[in-house]
Structure formats: C-alpha cells, structure tokens
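Each structure below is given as structure tokens.
Same chain, two partners: subunit A is paired with subunit B first, then with subunit C.
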Partner chain A sequence: MSLIKRINALEPLWWSLFGLGGTMAAFLFPVHIFIQGVAIPLGWVSSELLHYERLVVFLHSPIVKIYLFLLIVPPLFHAAHRIRLTLEDLRIEWLDRVLPLLCYGGAILLTIMTLIVLL
Partner chain B sequence: MADEIKLTLSRYNPDKDGEYTTQTYTIPYHNDWSILDALNHIKAELDGSISYRWSCRMAVCGSCGMMVNGTPRLTCSTYLNEFYPGEISLEPLANFPVVRDLVVDISDFMAKLTSIKPWIIRKNKKDEVDVSSEYLQTPAQMTVYRQQSLCINCTLCYAACPVYGLHPEFIGPAVIALGYRYNNDSRDEGKEERRKVLANEAGVWKCTVVGDCTEVCPKHVDPSAAIQRTKVDSAISWFFSKLTGRGE
Partner chain C sequence: MNIPSAEVTKTYRRSIPNTWWLKKSSYVLFMLRELSSVFVALYALCLLSLVYAVSQGPESYAAWVAGSQSGWMILLHVVMGLFVLYHTVTWFRISGRIFGREGSGALSPAAVTALNYVIWIVISLGVMYIILS
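== the complex of A and B ==
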C-alpha cells in the first residue's frame, strides 16, 4: 500500500481529530478572542493579567500545559482536514498525491513543536 | 392582455439529433400554478413532445425533481409566483445521465439504495416472515429515526451534492440517511451488515460536510446530520476494531 493510501485509510482518525478540533475551536477561541482581543484592549480587564512574570509562573502549571495543548493541537488537525478536503475538490492530480502528506504531516510537525515549547 | 411568464426548458432527444438545446415557452401566468402545472399546460396546449416525470402532485412520490433556476426542487411544490415576473429555467437533475429532455436515469441511485438494505433486518430470519408476533415501539424510540424515515427518494440531494458529482462511487446523502434510519430503529438488528456499505471510502468518509443535501431536501430529512452521526458511530467502531485487533 502506498503511503498516501495508508494515510487515507486512517480517515476515521483524521475525522475524529477534525471533530475534536472544531469543538475546541468553537468553544475556546471566542473566549480567548474576547479576553485578549476585546476586554483587555478596552480596559474592561486589567492588562496586569498578561504581565510577563505572572504568565511565566502560570505557564509552569501542568494543568495549564494540558489546556494549551488541547487549545492548540486539535484545531491544527481540524485545519489540516478542512484544507485537504477543500483542495481535493479542485481535482488537481499532482496535488492529490501529496496533499494528505502535506496537511496531516504539517499538523503533526506543529504538534511536535507545540510539545517542545510546552515541555 | 393577461400576465405571462417565460419558461426555458432543456431539450435533448437521443433518437433525433442527440444535441442539448433549450426551448422557451411563454404561457399565461397564474398565481396558484406550480411549475408542474405550467409543464402540464405546455405539454397539453403548446408542445406535446416535451418529456418530464411526475405523478402525485403533492410532494409524496418524489418523481418531479428538476433543476429550477439551477437549484434542485420538486416542481409540484415550487410555484410560479416565487419567480414572477422573472423567468424560469428548467434543467434535468444535475449529476445524473439524461434520458430525454427533463428525465434522468437514476439507476445508479436505485442500486445504491438496495445496497444499504433499507428494511428491518432481524438476526433470527424467522422474525422477518413471522407476522404473528408484535414488535412494540415507544413514541420515544420512534422519534429517534422518524425524521430520516420521511425520505421520498426524490434524489434532489444527489443533484445538490458536489461530492457525488465529483466521485460517482459515493453512496450519497439519501442512502446514508436511510441506513441511519434503519440502524436507529429499535426493531432492527442489521447495523453490522450495513456497516460494510456505510463505513468505507465510498460511504460516510467521502462526505466533506458541504450540507447542500440538507438545504434542498423537500422533506427536511437532514441527510447531512445523519451522515455526521453515522461518522461518529463508524469512528467508534473503527477505534474499537483497531484496539481489539479485530477486522472491521
């Protein structure tokens, strides 16, 4: 079986990560956009919250690390799956042959980078 | 002069010239006419050579589906007043081979429909022929599948589905929705048999969640939701088979 066929055979896995990522993004992203993009710039919440020393201590907590992992990684696979399906519909043959590798490979690479930064 | 409305029909006659052309008819406008009424008027009064399918005139038989101004619709429940004073264009359902004028060949759909076994399957085959025993079902158990049971096999969802257009092997929205309907019927025991058809590359995993099937469905079956729920089910059984080492 070729590599691309092997990747495609894992479709239930990609789709599950896609679903998980969509759920995470839909629930968590708006909260972050609201706090960091609206509430703090408008002064509704003190910008002291994002102070460097404060955040460094905060980020050392294992619970925060798990949270950040779930915030970042599943949405990467959500994006990978969506980009792949959208581009596949364009039916560009050479692209179809590398697309799953590029999308999921990219998501896996970024997952590893996330782990390196977090751990 | 009475109000008039223009209808442009796709014409195709394989026995004559085999060319796809269009023909425009101007007919009297009636506020309460459906497009099917207009077609019947054209056939009876203007041009007996046009071909189209219809039967019940009340959105039950599912045979009068066409592309109305580019969107799959049942012509018996689509009214001229929605378009008047604009014009209406009628084409055969997209994604199917054309037999003649507005008639398409749906044998591909019919074969896929049978493949999902849209009937109640019992593990004990005697149950299927023994009509003397009762299989009781509570209203709550029926609610689970009722929405999907309303499908009339009109194939509008196949004409709307870009995935079916690109990949004809895709078993398609209505067939998956019917698989979902029987899988979720408390009297049915055929989930394993249907999994072979549903949970593979030509089945639910082909769907890219476009959602046009649900948009065009005249009976609000919501095939898209049925497909996504079947994906959850298929993914769980896939993970289970990987973990236990059992073949799918």
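== the complex of A and C ==
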C-alpha cells in the first residue's frame, strides 16, 4: 500500500481531529485573539497581565499545559484537513500526490514541537 | 484529429478551471470559509511562539512582547480575528444542521445554533475572567 493510501485510510482520525480543532477554534480563538493580540498590545487592559513571572507561574500548571495543548494542536489538524480538501477541490494535479503528506505531516511535526515546548 | 489512447479514455475527468469558485458569490463565501483555516493555523502558531518565547527566558519573552505591540502585528491579529469569527459563525451554523432536528421534543437547527452562541459567550467571559483577574 502506498503511503498516500495509508494516510487516506486514516480518514476517520483526520476527520475527528478536524472536528475537535474546529470546535476549539470556534469557541476559544476569538477571545484569545482579542485579549492577547489586540486589547493588551493597545493597552486597553493592564499590560501587567503579561508579566513574565506571571506567565511562568501560569505555564507551570499542568492544567494550563493541557489547555494550551488542546488550544494549539487540534486546530492545526483542523487547518491541515481543510487546506488539503480545498486544494484538492482546486484541481492542481501535481499537488495531489504530496498534499496529504505535507498537510498532516506538517501538523504532526508541529504537534511534536508543541509537546517539546510544553513539557 | 488525434485519437486518444486507451489509458486516457479509461477514466474521463472533465477539466474544471481552478477558478471555478469565482463564478458564484456562494462559492466565494465557501472559499472564504475554507481560507479561515489558514488563519486558524496561523493563530495556533502565534500561541506556540508565545509559549516558546516564555520557555526561552525573560529576554526572548520581552522581544516577543515588543513584536506583539507593532502596528503590523496588531493588524494581523485583527485580520485573524475577523476570519476566525467567520469560522465561528459558519461552524455554529453547521452544528445546527448536524445536531438539530425538526419536530416536538427535539432542538431545531436554529435552536442548536443559538445554544452554541450562548455557550460561546459564557466560555469567552470565563476565559476573560481567568486571564484578567
């Protein structure tokens, strides 16, 4: 069985991660983008919230680590799956052979990086 | 006239130009929804870079904070925010179609979507409370 066929055989897994990641992003990304990316840099809320010492304490908590893992990793698989299906819809023939590998491979690589950074 | 070989005629795939989605506004909206996933991935990478910067010590974290305060970075977050909001809206609509049922004793698709919005607001307020307190 070719590698691409093996990847395609895991479709239920990719779809589950797509659904989980889409849900995480839909419910949690807007508030995080608003606070971290807009409200704090523009000084709408106190910048002390992002003090280094405060974040270090925050990141030591196992609950925060698990939360961040779920906030970062499933959305990456969500994007990988969606980008793959959309580019296949665009009918770029030469891309189809490498697309599943690039998308899911990239997401797996970033998952490993996230684990290394968090642990 | 050239005669197509057996290999070519075995499976006929009608060629579709890869600009097919520009033909109709609903197709364009579909593509925008799909494009939102690129910004979802981008924000996941932003979060990863934040955690990485903190793990590398106070100097790298200070550099990350300085970067996040640049105008371009704030603009990028506004754009990411708009695309992610579009993702949220479409996701809740699909959720209604998947989990909603017509008829008594069941939640209609619109009710499921509305419930999603209520849960979303509660979760967002909860996250704000935890981060800001």
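Note that the second predicted complex is superposed on the first by the 114 of 119 C-alpha atoms of A that agree within 3 Å, B and C clash if a C-alpha of one lies under 4 Å from a C-alpha of the other, contacts with A are read in each partner's own complex, and residues count from 1 in each chain.
Just so we're on the same page, a contact is a pair of C-beta atoms (placed from the backbone, for glycine too) under 8 Å apart; a residue touches a chain by one contact, two chains touch by 3 or more.
Because the structure is a prediction, the values reported are computed rather than measured.
Colleague: What's your read, subunit B or subunit C touching more residues of subunit A?
Modeller: C
Colleague: If we overlay the two complexes on their shared chain A, which of subunit B and subunit C does A:97 touch? Say first, second, both or neither.
Modeller: neither
Colleague: On the A-aligned overlay, A:27 touches which partner chain: subunit B = first, subunit C = second, or both, or neither?
Modeller: The second partner, subunit C, only.
Colleague: In the superposed arrangement, does A:54 touch subunit B (first), subunit C (second), both or neither?
Modeller: neither
Colleague: What is the contact status of A:38 with respect to subunit B (first) and subunit C (second): first, second, both, or neither?
Modeller: In the superposition, A:38 contacts subunit C only.
Colleague: Which holds for A:72: it touches subunit B only (first), subunit C only (second), both, or neither?
Modeller: second
Colleague: Figure out whether A:11 sits in contact with subunit B (first) or subunit C (second), or with both, or with neither.
Modeller: Once the two structures are laid over each other on A, A:11 reaches subunit B alone.
Colleague: Which subunit A residues are contacted by subunit C in one complex and by subunit B in the other?
Modeller: Looking at subunit A, the two contact sets intersect at 85-86, 89, 91.
Colleague: If you look only at subunit C, which of its residues touch subunit A in the complex?
Modeller: Touching subunit A from subunit C are residues 15-16, 18, 21, 31, 34-35, 37-38, 40-41, 43-48, 50-52, 54-55, 58, 61-62, 65, 68-69, 73-74, 76-78, 80-81, 84-85, 87-88, 91-92, 119-120, 123-124, 127-128, 131-132.
Colleague: In the complex, go through subunit B and note every residue touching subunit A.
Modeller: Contact set of subunit B toward subunit A: 162-163, 166, 199, 201, 205, 208-209, 231-232, 234-235, 238-239.
Colleague: In the complex of these two chains, what residues of subunit A are touching subunit C?
Modeller: 21-23, 25-38, 40-42, 45, 49-50, 52, 55-56, 59, 68, 71-73, 75-76, 78-80, 82-83, 85-86, 89-92, 110, 113-114, 117-118
Colleague: Quick one: which bits of subunit A touch subunit B in the complex? Just the residue numbers, please.
Modeller: 8, 11-13, 15-16, 19, 85-86, 88-89, 91
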